[in-house]
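As structure tokens, here come the structures.
Here come two complexes built around chain A, the first alongside chain B, the second alongside chain C.
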Partner chain A sequence: MTGDFLSLASVVGFVSGNLILRLIAVAIVAFIVVSIGSLIEIYIERKFWARIMSRYGPTEVGRYGSLQLFADAIKFISKEVFTPELADRTIYDIVPVLAVATSFVVLVAIPFDYAVSSLFPNSFHPSSFVISNFDPSLLVAFGFFAMEPVLVLFGGWAGGSKYTLIGGFRSAAQLISYEIPLVLSFLSVVALTRSLNLFQIIEVQSASWPFLILELPAFVLFLIAMLAELERTPFDLTEADSELVAGWNTEYGGSKFLLVYLSEYIRAFAGSAIITCLFLGGWVGPAPIPGLVWIFVKTIVVFTVLVWIRAAYPRVRIDQMLNLGWKVLVPSSVVWLVLTPYVANFAVVHHLLTL
Partner chain B sequence: MAYSEILFMFVAGVTVISALGVVVSKEIVRSAAYLILALVGVAAAFSLMDSLFMAMIQLLIYAGAVMVLFLFGVMLTRKEAPVKRRRLLSRTNLSYLILSIVLFFLVARSGLMDTSVLGGIPGPVSAIAPSLYTEFKGVLYALAGLLVTVGLGAIYIVKKEANGGKNA
Partner chain C sequence: MGLEQGLGIIVFFALGAIVGYAAEFIPRLLIKSKKTAEKMMPFESGEDPVGTSRVRFRIQYYIFAVAFVTFDVVAAIAIPWAVGWNLIVWTPLLVLFGSMLLVIGYYAAKGELEWL
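== the complex of A and B ==
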């Protein structure tokens, strides 16, 4: 193993010479990051939420209930794989897989691979390993984010039940109407940095104030729109126990439900990571702690805030949600987008922003 | 052949086959699913031609947003596609024939020369904005006027119906 041709540097050199091997390496990195991230997320969701509601959450399996998630996963996998009688078989089976795949692709745009490669400055040279530094990487993230309403509609339709169909309609209407303020509010960050590349957006933030302060209204609008996009509690209208059971995914059971559930948490992780990169400076942080830890911890903190909002706010009605989206979020994000050049000018003059 | 060319052939094949599936499929929701596959295939073809921006706009707008509106319409109406037999020599078929001839010549022309200026620019996405806002300013204004007109028309129609509902 200590031979010259098997040393880490030569393996890295071989991998970085080949684009497909590089893509596979980055996919493995993203997979590891998102697996750890989703596990931590679900644990936070159960424990932190329980503490807010004066409960204990899972306590029995493992120390502090830490193995409960694995027990749940084993339970899901060991259940019977079934298809409802009225379901459209092919579409019903393919929707959970596509949901996980499209949620996972979003992570390609997020510079976790740079954060990993900067841990090994000598062997993994960033320029030879990093995939996420390409031009419209932010658009790639949102392009695949936008596939969710289609999958939701097909999942609800293929279940063959009227409850899942109505749940699918509601979810899709919500997702599609909140995409507009989402895109408009990140456009102001794009106008500020003059780049659609998340990598460059973070690099601009490393030399200026974080956009959380410079772009505070955009941050608030983006956070609200992202909550609706992730269908988390103030906006989880489809999870109406008495009328629609659990929305479009009611008819999914066993391992297929596990995939649907997993795709929700991967989306939540990707969404928190996008918020981190756009507004909180990504991997930027004080020196002794490496960038990977910063970007990861910031993402988890953003997710914890989402859980906190979930615990603190009641669910809105559908007319309230549509009013908020179309009458408040869309106009205010447009106004902020128009004001952004003035903010940018002010920030550059007062050395808050270096382009 | 480079692997990107093989990939392109594969993507193009999938797109054509799913476009056929849209027409052939008996169930209308299946047709919509094939249409989404075709649109995603076009996006993949764009990305293989080094135009990731166009690919993502295709995915965001056509596969993501327009198709959702289609599906709302389709799923709320009926499950099966109309199967009325039509005579071979009808006006509808004639219009299909004319449309396909026009499309064929458009495709043939795009093989000979650049049909779009935007398609000819290699390089960063930021190169699109200057050409869009200086060279094609007139087109942009015309489109903006059209959009405003359509928006006002939609508001007018909705308003009228709401008032009529109240009076009746």
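== the complex of A and C ==
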């Protein structure tokens, strides 16, 4: 064992030479990013939300309650594991695992790996650790994003309780109602850049105005549809506590509930990151700060806005929610999608956008 | 999308599944479970559950599901249009979008989209 063999550069060279090792390295990096992101998100959710409502939030464990999340995780993991008698054992056990896995796959398509590898000097071949730069990356992300209704239905049915069944069906109705406006409103960004690659969308955006301005209606529609897809207030009918106890995950306890909760926050992180990449310019920023900081901070800011919306608005009724989805969001996203080519032409003519 | 991305999806899925599996099944080895009748019951605020838990549910969910499947096909057809709108004829897509809006209008006028 010479010192040369153990040097970082040679380890990086060895890992980048082997496809599987490289992919595992990228996946572990993505997992670290999303874990840190979820921890920050849950802390913001609890503390910022509490401050808006004139409460204190967690204060006891750690300074300003910062270790509360770890205490909660330890409590969840050390709880007794059991399956209720009426539950369908196989499906009941596998749904939380699948929920975490499918929400985590969404991160394949989000260019965090590029942002991380661009931190390191050129001798480590930064671009060889990027896998998110492929063509229909947006479709892959939304494909795995759309797995949720199936899992929610399975989990709700398998729980063996009336609350979980009704909660599961309600969740599925909500998720599929907002799927179409979600797809149509991100398609108008696609129509502007003529690419399904998040990488290229960010690169086009870096040379133009942010799409938040060029595509403001699409941004508003996408944000509303995303709020509903993430099952957050004002659209948290899926776990309306006063009606359905906790929705489809009522019967999940202990470490299984921890997984369900974690998958919810991974989805929230991925959703905020997709909003960041589509409309806010991804890793591009006005100041010479590393791209990772930009994309991470923007994602957290988007999530904070979602928490703010959660604190500020009451929950809508289910008929209001379905009306909004079908009668307002679908028609307006269709109209805006058909108008987008004209916007693109206008933007190109006035040098707001270079293709 | 090449081999690399396909394998990448598999590796990401496997990592997520391993972490999830470990979090779910390792506590099972360490913590002894004491089963009691109350604990194994479905949660209904402490009452004894009445009847089966797999209750019948409203037919309306089915209508939403059918509407979703139909319109999702339209959205899927819109994807290639959005990528290449400067290269292809717009008429078929506009007809599809127009008929989708007409169907939603018909549904809404008939009151099928109301939640009863």
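Just so it is clear, the second predicted complex is superposed on the first by the 348 of 355 C-alpha atoms of A that agree within 3 Å, B and C clash if a C-alpha of one lies under 4 Å from a C-alpha of the other, contacts with A are read in each partner's own complex, and residues count from 1 in each chain.
Here is the rule we use: a contact is a pair of C-beta atoms (placed from the backbone, for glycine too) under 8 Å apart; a residue touches a chain by one contact, two chains touch by 3 or more.
Values in this document were obtained by computation on a predicted structure and should not be read as measured data.
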| item | value |
| --- | --- |
| Chain B versus chain C as contact partner of A:57, first or second or both or neither | neither |
| Greater residue coverage of chain A in the superposed arrangement, chain B or chain C | C |
| First (chain B), second (chain C), both or neither touched by A:157 | both |
| Touched partner set for A:196, first chain B, second chain C, both or neither | both |
| Partner chain in contact with A:85 - chain B first, chain C second, else both or neither | second |
| Which superposed partner A:217 touches (first chain B, second chain C, both, neither) | neither |
| Partner chain in contact with A:285 - chain B first, chain C second, else both or neither | neither |
| Partner chain(s) touched by A:77 [first = chain B, second = chain C, both, neither] | second |
| Touching partner for A:26 - first (chain B), second (chain C), both, neither | second |
| Which of chain B and chain C A:108 touches, first, second, both or neither | second |
| Doubly contacted residues of chain A, that is, touched by chain B and again by chain C | 20, 134-136, 139-140, 157, 165, 169, 172-173, 176, 179, 194-196 |
| Chain A partner contacts - residues on chain C that touch it in the complex | 1-2, 4-5, 7-9, 11-17, 19-21, 23-24, 27-28, 31-35, 39-45, 49, 53-55, 57, 61, 64-65, 67-68, 71-72, 75, 78-79, 81-86, 94, 97, 100-101, 104, 107-108, 113-115 |
| Contact footprint of chain C on chain A as seen in their complex | 19-20, 23-24, 26-28, 30-31, 77-82, 84-86, 93, 96-105, 107-108, 131, 134-137, 139-140, 157, 159-163, 165-166, 169, 172-173, 176-177, 179-180, 183-184, 187-188, 190-191, 194-196, 245, 250-251, 254-256, 258-259, 318-319, 322-323, 326-327, 330-331, 334, 337-338, 340-341 |
| Touching residues (chain side chain B, partner chain A) in the complex | 3, 29, 33, 36, 43, 52-53, 55-57, 59-60, 63-65, 67-68, 71-72, 75, 124-126 |
| Residues of chain A that touch chain B when the two form their complex | 20, 88, 91, 134-136, 139-140, 142-144, 146-147, 149-150, 153-154, 157, 165, 169, 172-173, 176, 179, 194-196 |
